[in-house]
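Every chain is named by a letter (A, B and C) in the order it is written, and numbering of its residues begins at 1.
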Amino acid sequence: MSGDAANGHAAGGGGPAGEGLEGQHALGVRCEGLSFWYDEGATRIAALRGVDLTLAPGASVALLGPTGSGKSTLLQLLRGLLAPDEGRVLIDGLAAGEDGYEERERRIGLVFQMPEMQLFAATCRDDVAFGPRQLGWSAAEVDDAVTSALAAVGLPADRFGARHPYSLSGGEQRRLALAGVLAMRPGLLLLDEPFVSLDPASRRDLEAILRGLRATGMGLVLATHDVDRAYGLCDARVVLDEGVVVDAGPWRFGAGGEDALLSHRLKLPFVVELWRRLGRAAAEAPPELAAAAEALA
Amino acid sequence: MSLIEIRGLRYRYAGADDDALHDLDLTVSEGEFVAVVGANGSGKSTLARLLGGLARPAGAARAAVCGHDLCDHEGHFAVRRDVGVLFQNPDNQLVGSTVEEDLAFGLENLALPSPEIARRVDEMLALYGLEALRTREPHLLSGGQRQRTALAGVLAVPRRVLVLDEPTAMLDPAGRDEVLAAVRREADHGLTVVFVTQEMDEVLMADRVVALASGRAVFDGAPAALFAERALLLSLSLGLPPAAEVGLALMERGVLAELTLTLDDLVAALQAGRP
Amino acid sequence: MRMAIAQYYPRASPIHRLDPRCKVVAVAALVVGLFLRSSFAALAVYGLVAVAGLLLSGVPLGWVARGLRPVVWLLVLTFVVQLLFAPGPAFYTLGPLHLSLRGLAIAGYLSLRLVVLVVASLLLTLTTPPIALTDALAWLSRPLRRLRVPTEELALMVTIALRFIPTLMQEIDTIMKAQRARGASFTRGGPLRRARALVPVLVPLFILSFRRADELALAMEARCYLPGAPRTRLHPLHAHRRDAVVLVLVAALVVLAELI
């Protein structure tokens, strides 16, 4: 369980991000005609309407959309925390109720918005161990999972394991909460606004960790308003507005899709905006600019 | 005229081993817009609280804010009347059960006559575009609407200085734009602003920026001057505005001659430099 | 996410427009009156007053029924127990059970009284926003200030607590979902296991609430709040002639009900 696939480093020290997490079987997920309504008093409000979506194993996808467009609902449906009113979620081609579905559903990791608010144990180690213990793993397996998850987020167990979660800085707490999900050895990681209310240094640390996880072959879905970070981390984009998928496609310099973002009240990644303002076609982009885009990401 | 004149300010939290602020100096003139930056734990939020009279300094050679002495028991209460503080989490600073009740809260505490409160609340609702949300409950507002309500609530009591403590950190881009536009408008109308932030593009809104490290001011000057000091920025673990980040990458590749701070400047520089 | 406590039904009816203090006093008078005299005639008077109030308020009956739902079991229980155990000559006997006419009368009376009681209180909460209710209670308990009871502060506390109930509900929902995503189950096992499963929900909730209280206190101070200092209100309570009329009317009806 070791390798050199990871290329990111967490600033808090420790090994390369993702070390010990390689070789997890990546999950492929498909939604078919997914709809979901919320009850708001006497009225029902559609959060999602007929969402079709395919997430290939190991793909990294930016889920974009204005606030209230249904991003969080979609993530919770994918993880099975909400049941769809219409449509279904297929994991590796299996539907709910089929043999092996539940085991796979448990391997979809969901990191909530501000996940540090869910820390509760007296030590970092115990908090991260919560998930694996719920899965009924043996003590040795739990121990192994916790140690590699802590290392993956740059909080090595020997230095941080015995500390109280609330003695950590805000950025460290966020990474600890991520470790709690990674310890369950996910084959697909869903993140809801992972960068919100972090300081710039912590954002850079987290970004490096996610980059490392992606390099291990783990699939990522990043629901975020931080288009610049999503642009650097994701190969594909899905745009939701009012519960409907309004745009989807590859996401890299020159791949297009700017109009869809702009017409749904979203911002463009800085370099894309810059190039647009310069009024030149993407094909003409000087290598320097593309390289600068890389540097920025 | 200086509204804030502070020399050698010290503060220590109860039970802490070290001062959160050491010998801090800060001068802010009337009508000035000053940004305060620094890593986590550098003392930014502590400074914001002290300026708002929400805690008393351990000591200072001089600590005058709007003519009140912060070190003085009476003074640190009196300064709350003149200095408004807006915090990060809008959810935890809305007291009223509706938007209008919240705007009224500060005025009610000053025991103003009800008709006067009602008049001022109407004025703020109009100014902040919140009329349609007058009787809306806080938990049904968007993040941007909540923080605008909180800001209107802070400024419903006429203030001489507005202190903002990372007011956009928890907002989405649309909400952030809403709040920044409101702050910009207040500054343009002459309100003195002290803006604590981690966002480098927000620093560009300011006339002057003060950088804190371990409770001391280590930089005081124009935003452009701060962004020119790469070593200092790195040691403070601060970043650059996106335009400067890309600009720097382009400079390293010889495409750009000078560092640009905004998208407009970067576009202009690249267009001018086009062969 | 609607709480039973937030069942206020906004409308512009004559009942909604009454001063909340007047409504509190009137409902209190009805409730006390109901308990002072047990007769079907008195019950009929109070019942008519409550029904008239309800009709005037314009609150849909379906909404009122929702408010009655929590007491249905209590109602059934009261009726059955009284019917079965009240003494008196039996008109029908089935094994150890004997039903008497007197039992039927008592059971009917007590159940009806409970219905009138609940409808009268609903009339208050359905037509009065929680904040106005808090203000009214604070005003009415003013004499307690002489005994150094901080009634104004208590009222503000209740107001703030009400304001944060929906936020708290959202928070609990999120934390529970997040722990479920980490494999927690809140429905598995016996009572002990279920109670233990709540630890990962309650600990973060307490910590969040303490942090919230801290930040809120700071924000309140920043807005010039000083406990104990005199405050005014944006919407002060105003008693009108109609409130006096209602109070006199209710008083007359109570006297009537107690005398017949």
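Quick note on the criterion: contacts are C-beta pairs under 8 Å (C-beta built on N, C-alpha and C of every residue); 3 or more make two chains touch, one makes a residue touch a chain.
Note that the structure is a prediction, hence the values are computed from the model and not measured.
A.B. asks: Contact counts by the stated rule: is the higher one at A-C or A-B?
C.D. replies: A-B
A.B. asks: Taking each chain's centre as the mean of its CA atoms, which one is most distant from chain A?
C.D. replies: Comparing chain centres, C lies farthest from chain A.
A.B. asks: Roughly how many whole angstrom separate the Cα centroids of chain A and chain C?
C.D. replies: Inter-chain centre distance comes to 45 Å.
A.B. asks: Determine the centre-to-centre distance between chain A and chain B, using the mean Cα coordinates as centres, and give it in whole Å.
C.D. replies: 31
A.B. asks: What parts of chain C, by residue number, touch at least two of the other chains?
C.D. replies: Touching at least two other chains: none.
A.B. asks: Would you mind writing out the residues of chain A in touch with chain B in their complex?
C.D. replies: 66-68, 169-171, 196-197, 199-202, 204, 225, 228, 265, 267, 270-271, 273-274, 277-278, 286, 288-289, 291-293, 295-296
A.B. asks: In their complex, what parts of chain B are in touch with chain C?
C.D. replies: Interface residues on the chain B side: 49, 52, 54, 77, 80-81, 84-85, 87, 89, 91-97, 100-101, 104-114, 117-118, 121, 137-139, 150, 153-154, 157.
A.B. asks: State the interface residues of chain C toward chain B in the complex, per the touch definition above.
C.D. replies: Touch residues, chain C against chain B: 129-131, 159-160, 162-163, 166-167, 170, 211-212, 215-216, 218-226, 229-236.
A.B. asks: Any idea which chain B residues touch chain A in the complex?
C.D. replies: 39-41, 88, 142-143, 169-170, 172-175, 198-200, 237-239, 242-243, 245-246, 249-250, 253, 255, 263, 266-267, 270-271
A.B. asks: In their complex, what parts of chain C are in touch with chain A?
C.D. replies: 2, 171, 174-175, 177-185, 199-200, 203-204, 207-208
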